[in-house]
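Following are the structures in question.
Presented sequentially are two complexes of chain A, the first with chain B as partner and the second with chain C.
== the complex of A and B ==
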């Protein structure tokens, strides 16, 4: 991890807790730490309930009540986000940190023309807005995201646009105030395959031209791997593996990452008769547990005959090969995915 | 194509479907063409993938096959008979033989009924067995799809998404159908759960000798499960062939674009296929406005004036492109 210069976003021991009972809480995000450098695309991957969206919301300061956010450090350009007043934080949202939601249509107001509501972003944030200037900037942003016919699209209502165009409008709105950090929450999940590829490419090109940093959240490792420099894998509220995309994808270290890669069908791996599955379901986070959260589903745990350290202590993230971190007591021992058919180590052709 | 061969279980012939409402306000309200002369056949025991993006008509095909919808023109032939000519009593038999698995198990299961009852429904509707044998059959279905017995009295909201989709599958299998139409049955599921449900399909196929029309937008899933793949685009079949031919040697420019847009497990690979959204041209090829091959050939007039019919290539696949042979090799 970089230490010499201050990263754009620095997250240390971020936890988000909700009350489980009057005297007890449970964490939906637990001691999550990562950095986002300038111009970096970081992929945040996990299944439903793993805490990836909640992590994004805590960066925005938008965790719903009664959730509580705590961290030893949650700083953006060196400013402590948790210490900011709500007005100051509101100022930061949109102008410096922008959210690109999954549901573009839901994010757009159905009764306003898309150009007008996009221009409102500028009007809301600028002290002395002039409508003509706002309009010109919106058209420029529409061109930047390759929205076809920006002038006529400006006057369209959201429902008149295709899903891909709606997503482009939302991305354009996110870019208007030249943010430094884009938080993209499943931005392509609702889109068709060919459009999804376009939107990913658009995000990659925005990074090239503007040097903006992006946190790309998705449930699909392969999608994230297409444009991310680094990948963070979340499971049961924790980061279980992080590292450069190539290293994580070609030689995943944590048993969960390996199982996740093996369970997803691909276009290039040899076709097997059955897919290696991950048995069981993620743990109930409301039940407290001293040990590794993955052990009930972990082939290594089973192979080793339920070693006591997996039961008694939650493994911390620690360095493994190729600049990666993994949270597993047995990561160095290089066990194959036992009983899982193919090992997802060779996704490179 | 294998239309008319002895092993054919079902075929659709020249299916067209037009909806009256203008979906796109800037287009003339000639109606929306959801399906435009679609024909294909499914052999007994085969798993066929019907692939396409939104608006391709893949769901409409599925709905017509299970008779949720009447096509504007064209026929569905099941075991040699046109299903639109079936008598009422025969239609009940058809509905028993052809069952659908829906995409969203939240929406397709009645939230106020216990899942045991939901799985028993088809048996009661089709008057199969008596109460005792129906209970046995429900338990058998639960075992078959990997649901624990004690779940029979649960309600859908008490189950996980994977369990709920198992209920949907158990329900569709209860009346022992011969054809399953599965419309995006795994697209709402997490990767680890998706793998479990896909494996269930593989096992059911082997154990029950099922024939499946598997509708999906995800080529990775279709590659894993299907013997043959049919690619739809804006209501027309673009290409159809065996899984390996189609995926390793695609000939239609659209199939190539679709394959190129699949998130690759190879990191850092450049995305090919820059495709812009444009209205289709029904007189010629509907894919022409987005076609890279057409652009590479300097926009031949034929692509916009003459509709490319599905034609058979030497390797037994069919393709609807005037210039498919010119685009061979890797994608342009």
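== the complex of A and C ==
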């Protein structure tokens, strides 16, 4: 039964596994759960390889082979996505759920005109496609994302556009069939700072005007915080912290989130100080491990002298203050936000 | 595009000059000369000198080159020392047979290799791909003359369906012409198809891995749209330049096949002329083969540029 508060997207225990050896698999996304409400912007933050893009692809049904998607629930508008046939999922892809890719230049076919390839989405989702109508709608979408000179841009090839314009084209392409959910996979990483801000503002305004929900993926916490309502932090295939943006940003609960915040460059910091980094690298997901995956890089773990629970059990995601969830054994012990100095000291890679 | 075409055409000029130098001096690198080949080692020295003088072989090489090039530009390739025939008509008479054989084998090879390469590439690692890859791997190891002999043994000696060689002008008897064309063209086409198939396959595979194909899929485009409008369309420009080079391969390969099947093309003329040190014929043929290669590749490059806007930027 569908209740009033049924979210647009409901994800429970989503895992994506790849074969590591003939008899073994490893998870690049592991038991990830979250909801996306209508008109909500959810930020998904994590390092490269943390599983954020793969989470998006599994919602889209575009996980590359031989990846395997499983979930206790992956429902969109109350429909179980994993139960749908491939033709039915294709229908949803690009129409109800649309992807905005990170690398717009790579995503556009170099030998097709920008407008024509954009229009393909309409043609391929229409029972009786007509190019002329598709063209008109593409031009309209180009205008909506304030692409300058849409008519001549329609006839341009991808390499003839600037990076910002390319990004606007793929955003327009995502909006064409008025999707309910936009999956924005690092939509600003390829752009310089001023264009980044423009694109983020554009996404925020699209949400306002259309009421579309957005999952905004980024490795940059600050970017995500600018426009999202809620933030999910992923580390090594898991969500380690989630909660309302303001709460997460003002008082991060998980040591990893704190470290991410400390590592963010700010304009008011003294130029002379070294930018703090998180020492070490994420664990190899193919190696099975009972304990907390962040412990090798965790200042709290080090401070407490390698407590045994961090080594023996992976902390579950559990409620902390302000409607937040965090996956850390020592979240309640009130450690101060770990300063930059603490993190930067020690062995830097 | 016009600017690009103009630049490409202009850059072929030095290429053609270099080609004329190779055509002229290449054959002269071989020991001996036409007069020696004609009269033998025991030739009368006075007669040798007289003949050398008559054909201008006693002039400085550079001067000979300039005289030859100037005449060639007017379409006059001189006279064959061994047969005393004019070279222009001699070649013109054999040119159609060579071109016909090349075109027929090209069509056969393309007909096998392009669809095969596309199917293999689209099903990378699948059963069809593994089968085609194995076949093309075997094919690469079989030289065309061997395949030709195999065909002659099977189809001419055992089954007796086609003669082992020969030629009939198309104008005189079209059916007989095509019947005799079939075997040499099939051998040349089949022998060279594996090379083209592997290139096509790897091109399709590399395009399939492009992010724009993943994005096309993520946009929910139909499988057919992705395959035809995205993958094949993107593979087309590279295939054009592959085909250009491939025709060069056919040009070289046609010599063996023409000899094997007694096909009266330019190959026989060429081989005979080299043995006879018949400079004028060798020069004219090298120039002709070279020009064909240059022009075909120019056309391929222009086709590539027409299909890929990024090429025009270069």
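What we mean here is this: the second predicted complex is superposed on the first by the 324 of 349 C-alpha atoms of A that agree within 3 Å, B and C clash if a C-alpha of one lies under 4 Å from a C-alpha of the other, contacts with A are read in each partner's own complex, and residues count from 1 in each chain.
Simple rule for what comes next: contacts are C-beta pairs under 8 Å (C-beta built on N, C-alpha and C of every residue); 3 or more make two chains touch, one makes a residue touch a chain.
The structure displayed is predicted, hence computed values, not measured ones.
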Inset, instruction - Kindly classify A:238 by the partners it touches after superposition: chain B alone (first), chain C alone (second), both, or neither? - result: neither
Inset, instruction - May I ask you to decide whether A:194 touches chain B, chain C, both, or neither, giving the answer as first, second, both or neither? - result: first
Inset, instruction - Please work out whether A:62 is in contact with chain B alone, chain C alone, both, or neither, and reply first, second, both or neither. - result: second
Inset, instruction - May I ask you to decide whether A:277 touches chain B, chain C, both, or neither, giving the answer as first, second, both or neither? - result: first
Inset, instruction - Mind working out whether A:168 is in touch with chain B, chain C, both or neither, as first, second, both or neither? - result: neither
Legend entry - First (chain B), second (chain C), both or neither touched by A:330: neither
Legend entry - Dominant toucher of chain A (residue count), chain B or chain C: B
Legend entry - Residues of chain A that lie at the interface with chain B and also at the interface with chain C: 160
Inset, instruction - Write out the stretch or stretches of chain B touching chain A in their complex. - result: 24-26, 53-54, 160-162, 190-192, 194-196, 198-199, 202-203, 217-221, 223-224, 247, 257-269, 271, 273-277
Legend entry - chain B-touching residues of chain A, taken from the complex the two chains share: 47-48, 148, 160, 162-165, 192-198, 200-201, 219-223, 225-226, 245-246, 249-250, 259-261, 263-269, 271, 273-278, 281, 347-349
Legend entry - chain C-facing residues of chain A, complex: 57, 60, 62, 64, 90-95, 98-99, 101, 103, 106-112, 120-121, 123-125, 157, 159-160, 170, 173
Inset, instruction - Mind listing the chain C positions that touch chain A in their complex? - result: 210-212, 214-222, 225, 229-230, 233-234, 236-237, 307-310, 313
